[in-house]
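Look for chain A in each of the two complexes below; its partner is chain B in the first and chain C in the second.
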Partner chain A sequence: MIKNLLPLMIVLPMGAGFIIALLPEKFAYWANRLAIAVTALLLFGSGLFSTTGGYYEIGGWPMPVGINLSLDGFNRVLLLMVGIIGFTVAIYALNYMQLYTGSNRFFALLMLMLAGLNGTLLSGDLFNRFVYVEIAVISSYILVGFGCQAPELKAAFKYAVLGTVASTFTLLGIAVIYSLYGTVNIAHLSVQLAAEPTGILFNSPLLFAGLFMVLGFAYKAALVPFHVWQPDVFETAPAAVVGLISGGLVGVVGIYAMIRTIFTVFGITTWLGWMLLSLAVFSILYGSFKVLEQESLRRVYAYQTISQLGFSVLGFGVGSLIISQDGPYWVAVLIVAGAIFHLFNHAIFKTLLILLEGTVEHSEGYTDAVNLSDKTNCDRNFSIASFVAMASAAGIPPFAGFFSKMIILGSCVLAGYYLFAVVGVVGFIVSSVVYYRRRRRFFPGVEKIGGSMRFAVGFLTTVCLASTLLVIPSVWQLFPEQAAEDILTDQIYLEQIEEWRQKLLNMQLPSSVPDNSEVTPDD
Partner chain B sequence: MTGIYFLILALLLIGVFGVITQKNLIKIIISVSIIEAAVNLFLIFVGYRAGGEAPIITERFADTAEFARLSVDPFPQAMVLTSIVISVSLTALLIVISLRLYHIYGTYDINRIWGEADPDND
Partner chain C sequence: MNDNRSLIIIKVSKWMAPFIFLYGLYVVLYGHLSPGGGFPGGVIIAASFILILLARGRRAALKKLPYGVAKELDAIGALMFLTVAMLGFIFSGLFFANFLQQYLPGETRRWFNAGTIVINNIAIGIKVCGAIFVILFFLSVLRISGEGGIDFRSIERK
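And now, the complex of A and B:
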């Protein structure tokens, strides 16, 4: 069974991370090759899992007692996204990290971060997911401060202190949920919370837990008003790390964890939908307008990330409003599929933009506008890659970024939420204007891109072009639409509960075993 | 019992207050640790049972229901162990970063670190 290979998605990078960390500096060549081989395997694995689903019980322990890994339509799309970003960044870093000392330590941390991200996606258990989130996030704190210069350290300190407070509040939320229901298994919780008679809004401990968890994840997604860390981190960290944060960390640890918590654990309710929408609207507007006054290219990308993720959250928010107010189901599926598609697209094009910027920085030593714009001897391939990334980010028609934004905005109109459509259009126009105004800086001249960086950029450009193919109806049904249906109906978690119930019925239990309304997690 | 929950809440608020108001890197790290300690304490008390037994099945327990009624909940203790490891590693990381900052700026005062222009240190 292919799903029995699921733990390898976490075990492989984590094991490789520890091996690389233990290897002495003189084996750095082999450490780097090992890291790239592992990321290639992860990419292959995520491709392998991209059409399957199912769950895996770790150690063979049955569901509410043991820990499980779940794979449904939503997380397999993001698993593919992490696979692509991880592979690209590892190859890119082979040349790029020569600017820094201790490149094998970079690869060790990269491996741990990928293990954390894959674990966050796959884990079907709130506390385990918290631990994986911490693995990914702590590696990112270290990677941000990798250069050990003053600005990096300041950004890393700010990011780490606020991030720790946010994580601790998430843990408090998990503890409150555990004290109420005696379980942290997502499938088990989703059934118990759905049976809650009063609803979440009027159940104050649950409200408390929900707010803490959602806001803790919103910090990691850098949604306004929790975005303060992001511009500093983007401006100072190495480009490979920023690509990984913007492409993988923010989407997985922030948006995925938040959406999974809201949609599956707490259930789709109106007030959580409004909360998502308020985060989204502030992020889109603040992010887009703040971009206009930025001078540094990295800060432009940071605020762009805030507004683009705002778009994605807008899709999820409107989707949950439609579901909770009994609107047309197909519009909800369409807009959530659009949001997932946008999350995927954003990861690809933003990482490409950041890696291109890093390439310029690597070969020229500066990214400042005045010096770049008067260079004439351009590398043609570099310009093509820049154009593809920029066009997708700005939403120019044949590119994927256009389709995902249009699907989100179009479904807002279809569902009758005109105000959000207007907010989206304003954000869309403002962010396109930025790319037009700064077009010269997106086509900087680069004389020669190093070997591995050239390959990484070429690979990601191909993926960026190919992601347009996702709008072909049959592919659309297989990936984004399936993802949206799975997250809206909690398909894989319902299957787990059903199978568990069957097992309980077949077991001929003694009468003393509690029924599923009050199960103690003790063996 | 409820007194302990108020103590935990007070610790949490002290920690948050410290993170917001303190101007010294080390004091900020201490405040972060206080928040973590408060949440860990809360986790321990989630599994607490007055007069409870160690959760090990011995002959004294007639059946599983009796065992479930008497023993303390071991699961939050397992969680707290993991969470303590995470807090320790985070504290170590924060201290390393603040030490590096101290080597560059010669101070732990955030007003001076964030206020000054970056010194040339390459």
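And now, the complex of A and C:
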């Protein structure tokens, strides 16, 4: 079974990371090749798993005791996303990281970060997911401060301190849940919490745990009250790292972990839906209006990321409101599928934009809009890539970014939440203005750009164009719609519980028969 | 380095460090039978080196455990752990399966009776020892200049 190879998605990058850390600096050539080979394998693996599902018990230990890896529709879309972004960033970094010393360390940390991201996606229990989140996030703290200049260290320090506080909140929430139910397995918890008679809102320890966990993950996703780390990190970190943070980390460690916690563990309720919506509305409005006043391109992308992820969370929030208020189910599936599609699209086009910005920085040494406008020559290939990314980000019709936004806004209207549709349209228009403003003077001719950076940008542009194909109905059913149905119905976790019950029944039968036979003679 | 270190501290740390090291080894190796395990044992082993580092200075500690070796122990421990996990995958088809248990069951209340758990404990001990020593060593070494910026190169050479 192909499912048995699931642990390799975590083991491969982690092993490669430690092997690279072990290699001395003079083997940097081979270390880089190893890293790229592993990311290519991960991309291949995520493609391989894109049609399967199921769960894997590590070490053969059964469900509530042991650790398991689960793969359902939602995971595998994001697994593919992390695969694509990881592969692109590793290839891009081959030339880009020549600006810095110690490329071995960079690739070792990159591998650990990918292991953490894949682990976060696959892990089927809360505590293990927390550990994988920490692996990914701590690697990113170090990668952000990789240049070791004062502004980078300042951003990394801010990110690390606030991130540790957020992680502590998450851990506290998990501890409270463990003390209440004696388990951290997501499938087991979802059954026990669903049987809770009072509901979450009136059960104060559970409310406490839920709020703390959502707070911790919302911090990682940089949604609005918790967004302060992101602009600094985006402005100072190496472009390859920013691409991975914007494309992989924020979506996986923030949004995926938060949505999985809310939808699967706590169940879909009205007040959690409203909480998601309030985060989303503030993120969209604040992020998109803040974009207008930024001079540095990196900060523009940082606030763009906040508002685009707000869009995605808006989809999830409205979807959970529809489900909890017994609205039309197909609209809920449509809007959640749209939100997942938008998460995927955002990762692709934002990483492409950031990598393109990195090529300018690598070649010219500056990215201020003022300086760039002096350049008159124009690099044709990079201009096309830049146009594709910006059009997708701004939501121009034939590109994927348009479809995902249209699906989210359209289903808001279909479900009768007109106010959220208006908020979405306002954010959408305001944040797109930046692209129209910058389009004319954006892409200068770049010299001294290595082949690996060109290849990475070309590959990601192809993916960005190809992601439009996801709206073809048959493909749409296979990926985003399947993902939405799986996250709304918790399909894979219900299967786990069912199989566990079967096992328990099978175990009790042989032992209970001799007991009865011994008891009856006494009577 | 600075000569005003107390003679008592230097002597006592010299005597204590081997015993702390030995105790750490015991905690690692008997982690599956008694309280302890890879992580606490590794921390105790690292503590024996850190005692030397605090009492007799950086140079004496590096003579016992060079920085490069500690850094490699960190990676080797992790790789060893992953290798044991992957061997389970190869020999019994399940990731992290205790594959030694079926071939070498061992006796109850004897040292080698838990299959791969002992090996995993040793791997974690190596990893934690290296990592904790490296962290403490860095804390003792790093100076951040006013300009901002850390000179990693100078550490590599030591």
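Operating definition for what follows: the second predicted complex is superposed on the first by the 504 of 523 C-alpha atoms of A that agree within 3 Å, B and C clash if a C-alpha of one lies under 4 Å from a C-alpha of the other, contacts with A are read in each partner's own complex, and residues count from 1 in each chain.
By definition in this document, a contact is a pair of C-beta atoms (placed from the backbone, for glycine too) under 8 Å apart; a residue touches a chain by one contact, two chains touch by 3 or more.
Fair warning: this is a prediction, and the values are worked out from it, not measured in the lab.
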First (chain B), second (chain C), both or neither touched by A:225: neither
More chain A residues in contact - chain B or chain C: B
Touched partner set for A:175, first chain B, second chain C, both or neither: first
Which of chain B and chain C A:398 touches, first, second, both or neither: neither
Touched partner set for A:205, first chain B, second chain C, both or neither: neither
Partner chain(s) touched by A:148 [first = chain B, second = chain C, both, neither]: both
Partner chain in contact with A:131 - chain B first, chain C second, else both or neither: first
Residues of chain A contacting chain B in one complex and chain C in the other: 148-151, 153-154
Interface residues, chain A side, partner chain B - complex: 127, 131, 134, 138, 141-142, 145, 148-151, 153-154, 156-157, 160-161, 164-165, 167-169, 171-172, 175, 178-179, 182, 510, 512-514, 520-522
Chain A-facing residues of chain C, complex: 71-72, 74-76, 78-79, 82, 85-86, 88-89, 92-98, 147-150, 152-153
Contact set on chain A toward chain C in their complex: 4, 7, 11, 14-15, 18-19, 21-22, 56-60, 101-102, 148-151, 153-154
Touch list for chain B against partner chain A, complex: 12, 16, 19, 25, 28-29, 32, 35-36, 39, 42-43, 46, 55, 63-65, 67-68, 71, 73-76, 79, 82-83, 86, 89-90, 93-94, 97-98, 100-101, 104-105, 113-114, 118-119, 121-122
